[in-house]
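If you scroll down you'll find the structure; I have some questions about it.
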Amino acid sequence: MPYVNIKVTKENGGLTKEEKESLVKGATSLLQETLGKNPASTVVIIDEIDTDNYGLGGELITERRKRGQ
Amino acid sequence: MPYVNIKVTKENGGLTKEEKESLVKGATSLLQETLGKNPASTVVIIDEIDTDNYGLGGELITERRKRGQ
Amino acid sequence: MPYVNIKVTKENGGLTKEEKESLVKGATSLLQETLGKNPASTVVIIDEIDTDNYGLGGELITERRKRGQ
Amino acid sequence: MPYVNIKVTKENGGLTKEEKESLVKGATSLLQETLGKNPASTVVIIDEIDTDNYGLGGELITERRKRGQ
Amino acid sequence: MPYVNIKVTKENGGLTKEEKESLVKGATSLLQETLGKNPASTVVIIDEIDTDNYGLGGELITERRKRGQ
Amino acid sequence: MPYVNIKVTKENGGLTKEEKESLVKGATSLLQETLGKNPASTVVIIDEIDTDNYGLGGELITERRKRGQ
């Protein structure tokens, strides 16, 4: 019953379904392989955050992207 | 001032306003009855998560729903 | 597979095991009765927060408690 | 590498980009000035929550707003 | 700058430092390989939760463990 | 009723009460000045995370500190 929450910026229309599947599969395997946790009850929630709502270094990711960062 | 966060999948157009009111009312009562917490300052936040962004058992809820789970 | 997180201040030695059981049982029932969610996969996590780490109204709960609030 | 999460209700179309920039800048400065934390690795995430999904005092913010609260 | 939060129960004295390193390394690689995210700014926070504070199926993990689950 | 969560590493015995008060006061003021939010219902929760449970760049903060980072 581990719980994993992944927060990433939503860019270029957001993650594809395949990318989401890889994250869920990968995080579930990580918990199973590292700690022996039961995959059947492992919950993974992916939050895609608008670049205007995500800040790093005191500025919005939107602004960092404009500078190519 | 307790804080309650409820995360559920967003299905069939999402929760109705009545369902949200029941969740807020129910969670606030639970804290009051169990711990004597003041309802006036109890905060409840409901996050409705797309079934593509919610994983259980290493797969997306979207896929589980297709199999009738 | 709903996920519920309850944050309360840790006071007088913290919640008893019975109080925690009531919170888990109550939150799980709430999700089942309101939304028909499967109790078997409902996760509830209780965070007990030191009153020095919990603020309301711009001050620590520790200070509010001293004034009888 | 501090992490700050700010949750506010989404009202009147949501926060402006300027408001978001002020929140990110302000939270990052707060961590730097209070604790000497490196602004370059300070992450700030802003969640704008629908007033139907945010409860206080056992009712939805939507209802409180109707009464002018 | 992705953010990953992993919540697991604290059992048998808690995770070892090696297990924590594996979780941090594994989650960071997952984000890099799946989404091309920069590992340098990927934050991973591990919360170890007392089995008395973690509920599944309407009961505390503490009770489930007693039954060998 | 905004909610602010601040996560920082727990170092050198953890934050002092004065530092916690500054964070709570500062975050509450930020929300009031930027968005006109009512300080009376603003909640701030500070999580102090062990450096063994906080990862950046694929490694534990504990290891980064050993290298003077």
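We just call them A, B, C, D, E and F in the order they show up, numbering each chain from 1.
Assume contacts are C-beta pairs under 8 Å (C-beta built on N, C-alpha and C of every residue); 3 or more make two chains touch, one makes a residue touch a chain.
According to UniProt, the chain labels map to these proteins: A, B, C, D, E, F = Tautomerase.
The shown structure was predicted, so the numbers you read here are calculated from the model rather than taken from an experiment.
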| item | value |
| --- | --- |
| Shortest path length from subunit B (Tautomerase) to subunit E (Tautomerase) (each step joins two touching chains) | 2 |
| Contacts common to subunit E (Tautomerase) and subunit F (Tautomerase) (chain labels) | C, D |
| Higher-contact pair (C-beta pairs counted), D-F versus C-F | D-F |
| Whole-Å gap between the CA centroids of subunit B (Tautomerase) and subunit F (Tautomerase) | 26 |
| Interchain centroid distance [CA atoms averaged], subunit A (Tautomerase)/subunit B (Tautomerase), Å | 20 |
| Multi-chain contact residues (two or more partners), subunit A (Tautomerase) | 1, 3, 7, 23, 27, 41, 43, 45, 54, 56 |
| Topology of the chain contact graph, where touching chains are joined (line, ring, star, complete, other) | other |
| Pairwise chain contacts, counting only pairs that touch as defined | A-B, A-C, A-D, A-E, B-C, B-D, B-F, C-E, C-F, D-E, D-F, E-F |
| Residues of subunit A (Tautomerase) that touch subunit C (Tautomerase) when the two form their complex | 1, 3, 41, 43, 45 |
| Touching residues on subunit D (Tautomerase), where the partner in the complex is subunit A (Tautomerase) | 17, 20-21, 23-25, 27-29, 39-48 |
| Residues of subunit C (Tautomerase) defined as touching subunit B (Tautomerase) within the complex | 1-9, 15, 19, 22-23, 26-27, 30-31, 33-35, 37, 41, 54, 56, 61 |
| Contact footprint of subunit F (Tautomerase) on subunit C (Tautomerase) as seen in their complex | 7, 49, 52-60, 62 |
